[in-house]
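In the two complexes below, chain A is the common chain; its partner is chain B in one and chain C in the other.
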Partner chain A sequence: MFFNTRTERIFIWVFFPLALLLPLFLAENTFFVSKLTSVMIFALFVMSLDYLVGRCGLITLGHAMFYGLGGYLFWMIAPEYEAVNFWVYTFYICMIAAAVALVIGFLVLRTSGIYMIMITLAFAQMAFYFFSDSIDFGGTDGLFIYVKPETSIFGLSFFDLDNPTHFYYLCLLSLFNTLIFFRLLIRSRFGRVVDAIHENPGRTTALGYNIFLFRLMSYVIASALGAYAGYLFTLQYGFVNPSMLAWTTSGSALVMSILGGMGSIYGAILGTFVYEGLHFSLEHLTEHWMLFMGILIITMVMVFKNGIAGYLEKLLEKRA
Partner chain B sequence: MNTQVSLDVQVMLETQGLCKYWGGLKALDDISLQFHDKQLHGIVGPNGAGKSTLLNLLCGHYKPTHGRILHKDEPIEAIKPWAFARRGIGRSFQKTNIYPDATCLENCCVAVQRRMGGSFNFLRSRYSQKVLDEIATDALEKVGLGGRRNEVAAHISYGEQRQLEIAMVLATAPEVLLLDEPMAGMGHEESQLIIELLKKLRREYCIVLVEHDMDAVFELSDQLTVMVDGQHLTTGTVDQVRDDPRVKEAYLGQGDEVF
Partner chain C sequence: MTTSLFLVQLINGLQYGLLLFLIASGLTLVFGVMGILNLAHGSMYMVGAYLVWYFFEHTGSFGLSALISAVIALLVGVFMERTLIRQLYRRNHLDQVLLTIGMIFVFNALQSILWGNDPLGVAVPPSLSGAIPMTDVLEYPIYRIFVALLCVLIAGVMYFMINKTRLGMLIRAGESNREMVECLGIDIRKLYTIVFAIGVMLAAVAGVAAAPMSSIVPGMGEHILITCFVVVVIGGMGSIKGAFVAALLVGLVDTFASVMVPQLSSMMIYILMAFILLIKPQGLFSS
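Up next, the complex of A and B:
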């Protein structure tokens, strides 16, 4: 009952062992390892958006605000020339992002549908222009992170963040944990109410649930994880940049989520890898890659009605 | 004007001068009614009489323009919509309003869980609660859907969906049931099922029933209110209302020969 469908179990048994073994064959090719790392980080971000859009029915174009916030927050709160503890700062950043999401969610979630899209976009644009126009935050150039954190727990350090392979495994672990976390959340009693609200908000209110509270909670959780993804991105490349906050980041994440299969959670990984895979291969073939990319995505969305995950489920599930 | 007979039962729900205006339109004008515990209170009237508006006010879906709603003598017109259900005021809707993709049991579980708590438990599985399942199953059996427990709600018949909706309301353990045309669009046999069900329920809850099926309302009601054009016409026992000349006039004036 833990993973909803056979397809999801198959996907997890294929994807994670493969991802675990891959660096062994790519040991020399650090470019490819770090490329995969960045795709996994973005998949984590897409997953948090997928929960909001697909499970809660809250369509937002401002999720990248938290992605960028994760990066900027690290620069703001960490000392510049001193290695801090990775886990402690993960906690700090998630907590601060959650607090910000609580305030913004309180305003944003009073609206719904198209109005919510507009107001989340407005907040994200505000954050974008704030960071790209302010000299203190490096303007459009962004900021550099000079020292990467160390990752010891009780004196044991498993990951050296300057080593691309180590960082790859850290991100793989994060992605796996996030997937498990969302599965737990969806399976929980909280998840039952979230599903009910998504399917029929009016009925759920009439049963006595304060649906605003459940939506706010979901928004806070997804935003904190979105910030965590941004934090990982910043650590990987050693800089933070306003383009992380741009609405196009939210937009492409939304496309990946839809492509993967909205609300399926694991579909976020599929969607991100397919999107980034296409991007990567088309970019090398032609200068006009965006044109072909657009055509391909439109075709895929039209062919796979419920995303790639939905298509795979149709192929793999036994018919009732 | 108010011909309400005094009864020795507790007043569960009361409205005092309740008004709802949509701009210049008076959907509901100065309605003062009492709904008693363990009684079925029928509300009839021609289309546009404000019956559904009244129900929407009683469950908190709309806010009144003027007037008060008292639940056990406490004013509740200002509280949030979801808080009405928490006080034990449950409602069913005119249009079937369920979770179509979930099983009948799951539909009721959502209702039971609100009462049992744990909705902010992020880790505990929703499937690990025997007690919750039992209460939900009880509610299903009460309306005669025990055998449909594991069917997906979208796949059961229309009449059964209406029964399911009542089961969901019952699963919240309400004191007041607000039923908005529970027999709408049903065939004779299906209606008969609901009538039998309401006969069982009317001695356990305070029921407010809005219904177009006159035979059913006459058969079931302890108290009957007639509304016309957003206004209260009369309230009394079924016989009192049936003999009231104003009621005949109201219906005949509409060219609607019901009596």
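Up next, the complex of A and C:
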């Protein structure tokens, strides 16, 4: 069976067909389409964090560094007034982000637990101040992307990135592919070892695995995907600014991931949609949305022991 | 840099460091004894500042307002521990993170409902206003020196309390072995309530002390929280002695960096933290 639980299968069969059909009904309402797009991009980011925190047990508060890096890298390497190829630059950005993650991961993975949380935060804060204090990178205002890439493969172009609906489908496809990618990764031999390390690092070392190497690989993979999400965000809005790298971005991603159910991967989508949905609707209802948001978060921690995914699984799974 | 400027920066750095210690000590105490990562700690710093402003407007006496604010903070701490924190001792750190982030939202909302979002200010109490002349052109405000001395006093009292009193003995015992303390017939839950409330009060007192020196603005809690985490982690989680050393270090580095290398100043304490953690992955004084 490809998906671990019945709940996950039900979720996938409900979410993706619905997401696929939605733009047909919202054709006039481009605001909602682009809002949903940005939520899906963030869900992709949260998913990469969820793999790192929930599956590998590597808690980081600096994941937003790669989100921001994805945007800034595009500005740095792409020519300013020339449309480049989307797929080629996706490859470039993921590779450069992976190289950066290799160096930083090599340093931060020497620590663990709360110290790792803080050292990842330290690197992210350095990156934040580097970009926000530098005039070359636009300071706190950030930078504009004037020309969006074209998406042809062998001369065939399926997506026009300036069209919100096309961009929506590109992000949906990316989200789906990421989910499948993580499922395959978790099922693979590599994923089994990562699970074993999370369960018992000492015993896995005794079995002859170099746990540092597996953790580093996981860190690199998750960071490259985080950068991809940031790259998509930058393309959607046509700008990049330091708030993408702020620790609050990492913090809210962590909240969404815990809310969805740590380590469940698909829970990242649930968590992001529930959080953003609540945020969006409360913000429109009342000026003091934070009060209700806070109370809801507190209630959810008390009620859902393993996030929303964990709660749904308790409801839907047959008890053995 | 001239000697007098150096001296002023040195005092500034020490004074900032001592204030940081006041906040960070509560954070590290709660983590060390109870294993709770309280992200809402910074919010209590903010609450302290707003409370003292509110009571100062109504009573006109800074001392009285400070006292009332500290007592209210203590009660809020007891309430928080009894109703929410208590449920989380057996859950993991991530659930604690989520819960306390929820609390930050609530505190921020209450602040904006009760006191609005405009920056506020409290006047320095008349008995502590004025400045001590240092050279012909430089002088140093008395209030800042008073705050520094107050922080030293509180640090001394904490040291005495933890090392010499019965409560301190229980705190140290609870830190090393919770089950054993329970077996000896001591109500550990009561102890936890006390420790948490004291931690919260320390943050609020720091907020009260800082109120006349800086403007009271929304979001001041989150900003100080991150700096305090830097302090606590450099010192070693749970170590009060470590927090003291690290707070002075961070205070001095931050102050001198903003004078000597302004372009790197906001990055400097994070560079310091990364550097220290790479050499000593458990902080300076890990237990």
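Everything that follows uses one rule, which is that the second predicted complex is superposed on the first by the 320 of 320 C-alpha atoms of A that agree within 3 Å, B and C clash if a C-alpha of one lies under 4 Å from a C-alpha of the other, contacts with A are read in each partner's own complex, and residues count from 1 in each chain.
Here is the rule we use: contacts are C-beta pairs under 8 Å (C-beta built on N, C-alpha and C of every residue); 3 or more make two chains touch, one makes a residue touch a chain.
Being a predicted model, the structure only gives us computed values, none of them experimental.
By the touch criterion defined above, A:Q125 reaches chain C but does not reach chain B.
Of the two partner chains placed around the shared chain by superposition, chain C is the only one that A:I298 touches, whereas chain B remains out of contact. Looking at the shared chain after the overlay, A:H288 reaches chain C, while chain B stays out of its contact range.
In the superposition on chain A, contact is made by A:E199 with chain B only, not with chain C.
Chain A is touched at more residues by one of its partners, and among chain B and chain C that partner is C. The contact surfaces that chain B and chain C form on chain A in the two complexes do not overlap at any residue. On the chain A side of its complex with chain B, the touching residues are 1, 184-185, 187-193, 195-196, 199-200, 202-211, 214, 217.
Residue ranges on chain A touching chain C, taken from their complex, read 53, 59, 107, 110-112, 114-115, 118-119, 121-123, 125-126, 129-130, 133, 247-248, 251, 254-255, 258-259, 262, 288-291, 293-298, 300-302, 305.
Across the interface of their complex, chain A is touched by residues 37, 84, 87-88, 91, 93-95, 97-99, 101-110, 112-113, 222, 226, 229-230, 233, 237, 263, 266-267, 270-271, 273-274, 277-278, 281-283 of chain C. Contact residues on chain B toward chain A in their complex (touch as defined above): 59, 61, 80-86, 90-91, 93, 97-102, 106, 109-111, 113-115, 118-127, 129, 168, 172.
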